[in-house]
Amino acid sequence: MLQLKTFSRGGIHPPEEKLSAQSPIIYGDIPASILVAVDQHIGKPCKLIVEKGAAVTRGQVLAESSGFISSNVHSPVAGRIQKIARFPLLGGQVREVIQITPDNAGENLKSVIDNEPEQAVEIEKLTPDKIRKTIADAGIVGMGGAGFPTHVKLSPPDGKEIKELIINGAECEPYITADHRLMLEYAEPLVKGILILQKLFGGIPVYIGIENNKPDALQRIDEAVKNIPNVEVVPLKTKYPQGGEKQLIKAVVNREVPSKGLPMDVGVVVQNVATILAIYNAFYHKRPLMERVLTVSGNMVKDPANIMLPIGTPISYIMEKAEIDKENVGLVISGGPMMGKTSFSFESPITKTSSAILFFNNSMISKREENPCIRCGACIKACPMGLDVAQYTKMIIASVISPKAKDSILDCIECGSCSYVCPADRRLVHWMRFGKNIIRREN
Amino acid sequence: MAEMALIIVGAIFVNNVVFTKFLGICPYLGVSKKIDTAVGMSMAVVFVLTLAGAITYILQYYVLVPIKMEYLQTIVFILVIASLVQLVEIVMKKVAPALYKALGIFLPLITTNCAILGIAILSVQSNYNFLLTVVFSFASAIGFGVALILFAGIRETLEIREVPKVFAGAPIALIIAGILAMAFMGFAGMVK
Amino acid sequence: MGKQESGLKVILVLVLIAMFSAILLAYVNQVTREPIAANKKAETQKAIKVVLAGLKDISYPENPTDIQIDNSGAGYFEAKYDNGKTAGYAVIVKGPGGFTNDFDMMVGLDSSGKIIDTYVLDHKETPGLGDGMQKEPFKNQFRGRQLNDTEWKVKKDKGDIDAITAATITSRAFTKGVWRALQVYKTLREDQK
Amino acid sequence: MLEIIIPGLILGGFALISASGLLVASKKFYVFEDPRIAEVNEMLPGANCGGCGFAGCLAFAEHLVKNEDTDAICPVASGEEMQKILAFLGREAAVGEKMVASLMCNGTHDNCKSQMDYAGIEDCWAATLVTDSTKACSFACIGLGSCVKACNFDAMHIENGIVVIDDEKCTGCGLCVPACPKNLLHMRPYKKYITVACYNTDRGADARKACTVACIGCLKCEKACNYDAIHVNNFLAKIDYQKCTNCGDCVTVCPTNSIIIRGQEVHVAVENV
Amino acid sequence: METTNKVEVKNRLLFMDSSPLGHVSDSTVKIMYTVCITLLPALAVSVWMFGWEAVRVIVLTSVFTIAIEAIISKMVSYKVNFMDGSALLTGILLAMNIPANSPWWMILVGALVAVILGKHVFGGLGQNIFNPALVARVFLIISFPVEMTSWPKPLVYDSTTGATPLGILKTEGLGALAGTNLTDLAIGQMGGSLGEISAIALLLGAIWLFIKKYITWEIPVMFFATVAVFAGIFHLIDPQTYASPLFHLLTGGVFLGALYMATDMVTSPMTFKGKLIFGFGCGFFTMLIRLFGSYPEGVSFAILLMNAMVPLLDSYFPDQKFGMVKNG
Amino acid sequence: MNYADKFKKTFFTENPVTGMLLGMCPTLAVTSSAENGIGMGLATTFVLMGSNLVISLLRNIIPARVRIPAFIVVIATFVTIVDMGLQATLFELHKTLGLFIPLIVVNCIILGRAEAFASKNSVLQSFIDGLFNGLGFTFSLFILGTIREILGSGAILGMTFIPENFRTVLLFVLAPGAFITLGFMLVGMNRISKALGGK
């Protein structure tokens, strides 16, 4: 067998725990209350354009993009705005949220979606500007977790040429299987979405990077793209954090995004599988980003599943459906255990970027006490960015950060590999994040 | 040639100025907090010490010995060194302001760096000829630099290690110097 | 500090201070020169007295006579009886290759070439170890030995000398020094013949 | 005699050469440096705290000497000292009133409950990377002591979940103000001790739910104030210290005890009413 | 922390922490004890060679270091876990660095120096610059040269003492070593400190550490290679005076030093280039001292010297960061 | 000025060695025995008193620009006097102190006191300042020398007190011991100073 591609430096192998890999995507019901967060992306906050008490329709814009790096937010349901107030989101932030009481609470999402059949799209006639505008209007953001507005990523500034498009199907985080299921069940729509982006950049080569721990998805996508020119599936060796943009580019096209640079600096755009599906929906169903598939898993979940839900569904709804005992839940993670964020409220709604919700009981909680660093170098070996994490975190703790270290600290992708392997239980990622915070505050 | 090599190895390692001769301890403790300043200081010492070695040799053998006033050695040497340092300071301030700013208050400290006077007197005592005096002064200064930069490297990491409060600062610096001196004792006997 | 003094004054003050200092020092020097010289001499005297212990009614020159043996310098005092006959020699040699450095030592020999005693003038050997060469059990074994009746090596090197515990190198250097002194004696004897 | 005179002449000669060499050099390579910088530096307290916005006292001294800046103030030096320095430089001083840092929150563990089991790094900024607030009120003092670390004068301590400031030790350097991720610290005049200990701009009901001593924006204080010194904006009262007279009327009327008297026995003053 | 715990009792709250929330099962304690265990073969050989005396030394050093660490844990403000294996490891390594006939008071001094001067003045575990066991060894060599240079003879089990092969080489020259059998040296049949003697047993233990990835190849390989090359050059120039490379590798502390002392995580560099230079430096200074210095053995001095250079190596020879490659 | 207070200060909190870290070279170099320490200390004290006295006398005459050379010449004069005087009277001590007698010139304590005190204060005060600082210096050297002598040679002031068969920790009379002992002594003295200051 050929040597599978992967990125060259660092990386770890956490237990995969893909418990829901064989559970087909199920469709949730419209919950009794929808909480749409006003800001679900990175960039300029958007502008609220609805008021309390107003009636809204499905797909209506609730908050408008307020600049280039910003994104619209749509109502996933028809209903009435109950309240606009600050509310804890998944990941512990308290932000403005629009609470909507849906008119059709209890209706299954499947029937809602089936009401919006696929329309024919003449790809050849789409202009790049039209494509970008449709994507921007649909409020599509990177759905892998970062939430960066997609149309911005697809608009390289003058002088930056995009030579390759990489579709991120690596899904390297433990537990999460949403993208895996999407690739299995939505292969054809995904290909259609990919073709739109390929058209946008004038038929550039497209690589779909999928880790080899998902052989069925590899096979399925491979079949779907067999007859399409210039689109190729790239099987990757399973290694965390292959799903990180920089690592994926290194693995697939063997180029390194320069420090402080963006993928477009090496002529590449990376898009997540779920984002591609959202793009497909925007064109073929004229449907803005209103639903997403997420994995519900963790040791408190009896039947780990992949479920499609309207954005804004409170997780208490999921807990009810999945019969999770609230009393015993000690830890809720939005996203995977390596990079996901913890949440403190059961009422927090899911957002565009929630790829998974993991519920754990207290056994998962370890109040790790930091021990002294014994300079074993495990963190450095594990770091996919080649950073001297041990040294930098000590600088941050002592608040004497050398100028050279500052650049490096900002290069950290917070993948968690270092903390994961540290035998001294040091909170390296948290310190690195804290260090970034200090450096940003200084500037 | 061999003698010169021995003098160099001897001055840098075996009889290191700081670790075995106890010269220049004040700047060793004072200017070793940052590698950059340590490097600057080392260069300044190399420059001044070599120059002072040469000048004091000339003074000793062409002025003091002929007129049989060796007892004026200390006073003449120090007067010359002090003036030399001040001269270097004045010139550097004008010619290389960046370097001057980096070394800051430490240039005047070179005057009271006993390594300078100590090495000058030692080379006279060792009866070296002019060339050897210069080489010896230079090598001694390099030895000082090696000790200083090594030590500055350690102190820079100490800043991010959790040294107990009671030992922080001078005590730990001295203890490290002690351990380094222990390690340097390994070179004992290398130069006969 | 504020004002700038005139250049002339600056120079003048410094020159005056220097001159005054020099004059003071010159005076002190005049006063102390004698005692210092005496002290220095006394030290050598003391060493000679130790290494030539037992020889009575002797006289020797003020300063050692330099002599060249196997590429290294040495010096010696020739001690004479009142009647002008050689009583013995106090030889100053270097103990080559001590643990840390060479050291200066003095070896006393009687007119027949027998070692009377040894004395270390200046050394940098490890206190408590190498400086055992100044102490009794070690020193004693040299007394009375001659060039030819002894293999001048430490026992480890298949010689006759007991090394100081854990200070073989020092012992070896010391032995070599003594041997050198004996060479000096040999040379002198040959010259006289 | 000659033996004494000659060394004198020789050493004098050396001195002559060195001194004239130095003199020539110092003329030829002359770099002007205002001697006043050193003197001003001597007059400054030498805390090197950076509260003035410069990199240490020497840099501040250099700034004072080189710029005609009469407003720059060393927060550590008393007004008198500052005046002395400016007088030395021949300028009129703008005398600053002593300011102290003041916390706009009273969300102790009793008043504002924790709503999570925070296990991350013990630092407010680090905590904000995980959550907006560990307490029910998202505006509340996190109480992990970022400001305490920033304080060079041992004037701040964490007590019962919030920071307590010692007005006597506080020099008003203001370094703690940017150190608070929740923007809860502000500078108030030392002598004006009435302060709104809340920063919650949520509606009254929401605010009250989060914390028992939250400002609910009821406007009672605004009405009670005879000096037009307190105003409610965005459901939060704010005192204008230019006008405040320390009369304490607002403290009396506040239904949630969110306006308090600092630097005195806070609770006694409130309960007496 | 304390406050959040208090609230937890009444009203259970969700756990909030920064990612990642998973963790590998390795721990400092596990690493320390693993290293201790891999030293067992070498200890066994030392017991075979020197008998109960060796057991006595091992027990004393371990007990002393742990006891001193325990006392210190009561005196300092930072947390010290004296049973975390680091004190035991220091103790065992110290035992391996001293002769089997060491008097108890010397072991006590060694343990004091190792734990206090070697570690706790710097702030305890992980903060030290120098390898504690080596600080102690060098301290003892300098302070008690008599005790530290009279080594019991192997397989004799009485109080006769002799010199190490390197000691003989230094004082009596190569000729005195004519009958030495390299196989004996590899097994450990020679005079020396407990851990100095058996190259094979040390290698055996170290292989396990390699497998566990607790040590990497750079330092030991560079160390061995430098010693071999250095010794080889001199041996080629003058085989009558200078011993063979294999002799230099198998005698003295090269194996112990290269595999266990120089690779000590806390006091060795963390970067690839740094490790290579570190290994080279250790070998270089070892041979410099062995060939030209007064001490017959230079491994401990060499490693201490290189320990001092670790901060410089770490900061001036960093690993290449991601994104620094020019894309061709 | 409160002399008693100042005296206490120069011995503990502002001790030239343990408080201000001045004059490290002779401190480390000559303290292998208490006797040497005292000798060095007293020699330094003499120079310190003399130079303080003279510099204080000349403080208004010496121009700022040649301040350092002028001070150093004065100091060097006294050092040379001590050098010659010791050689003439205490020859053995002079031999052990060796190179470090001329190096008193560059002992930062002396120039430091000249700069910081004598050039600004009256003659009597400067003289007393020199005396106290010198004694403080001597005190530190004596303590350090005593510790090293006890540990390293098993003797106090040259009198051996341990039995013949016992070992001493040689390292303490060697160079590394000087550094390490002083390091620990600083910790001890800081503790004492703190205790005294706390009263």
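Letters A, B, C, D, E and F mark the chains in the order given here, with residues in each chain numbered from 1 onward.
In this section, a residue touches a chain if its C-beta (ideal position, glycine included) is under 8 Å from a C-beta of that chain, and two chains touch if they have at least 3 such contacts.
The structure presented is a predicted model; accordingly, all values stated were derived computationally and were not measured.
Separation of chain A from chain F in touch steps, taking the shortest path, is 2.
Chains making contact with chain B as well as with chain F: C, D, E. Chain centres here are means of the Cα atoms, and by that rule the chain farthest away from chain A is C.
Using the average of C-alpha coordinates as each chain's centre, C ends up farthest from chain D.
Of the two chain pairs considered here, D-F and B-D, the higher C-beta contact count falls to B-D.
Chain A and chain B have Cα centroids lying 60 Å from one another. For the pair chain A and chain D, the distance between C-alpha centroids works out to 42 Å. Averaging C-alpha coordinates per chain places the centre of chain C 31 Å away from that of chain F. Multi-chain contact residues of chain E (touching two or more other chains) are listed as 13-18, 117, 121, 123-124, 126-127, 139, 142, 145-146, 294, 314. Annotation for chain F: residues touching 2 or more other chains are 65-66, 69, 73, 76-77, 80, 84, 170-171, 174, 176, 180, 183. Looking at chain B, residues 69, 71-72, 75, 79, 82-83, 86, 161-162, 167, 171-172, 175, 179, 182, 185, 188-189 sit in touch with two or more other chains. Listed in rising order, the residues of chain A touching chain E in the complex are 9, 12, 14-15, 92, 174, 246, 250, 255-261, 266, 327, 329-333, 335, 337-345, 364-366, 368, 371-378, 380, 384-388, 390-391, 408, 411, 414, 416-417, 419-425, 427, 429-430, 433.
Within the complex, the chain D residues that touch chain E are 109, 113-122, 126, 129-131, 134, 143, 161. For chain F in complex with chain B, the touching residues are 21-29, 68-69, 72-73, 75-77, 79-80, 83-84, 99, 102-103, 105-108, 111, 171, 174-180, 182-184, 186-187, 190-191. Across the interface of their complex, chain D is touched by residues 1-2, 7, 10-11, 14-23, 25-27, 30 of chain C.
Of all residues in chain C, only 18, 21-22, 25-26, 29, 96-102, 169 touch chain B in the complex they form.
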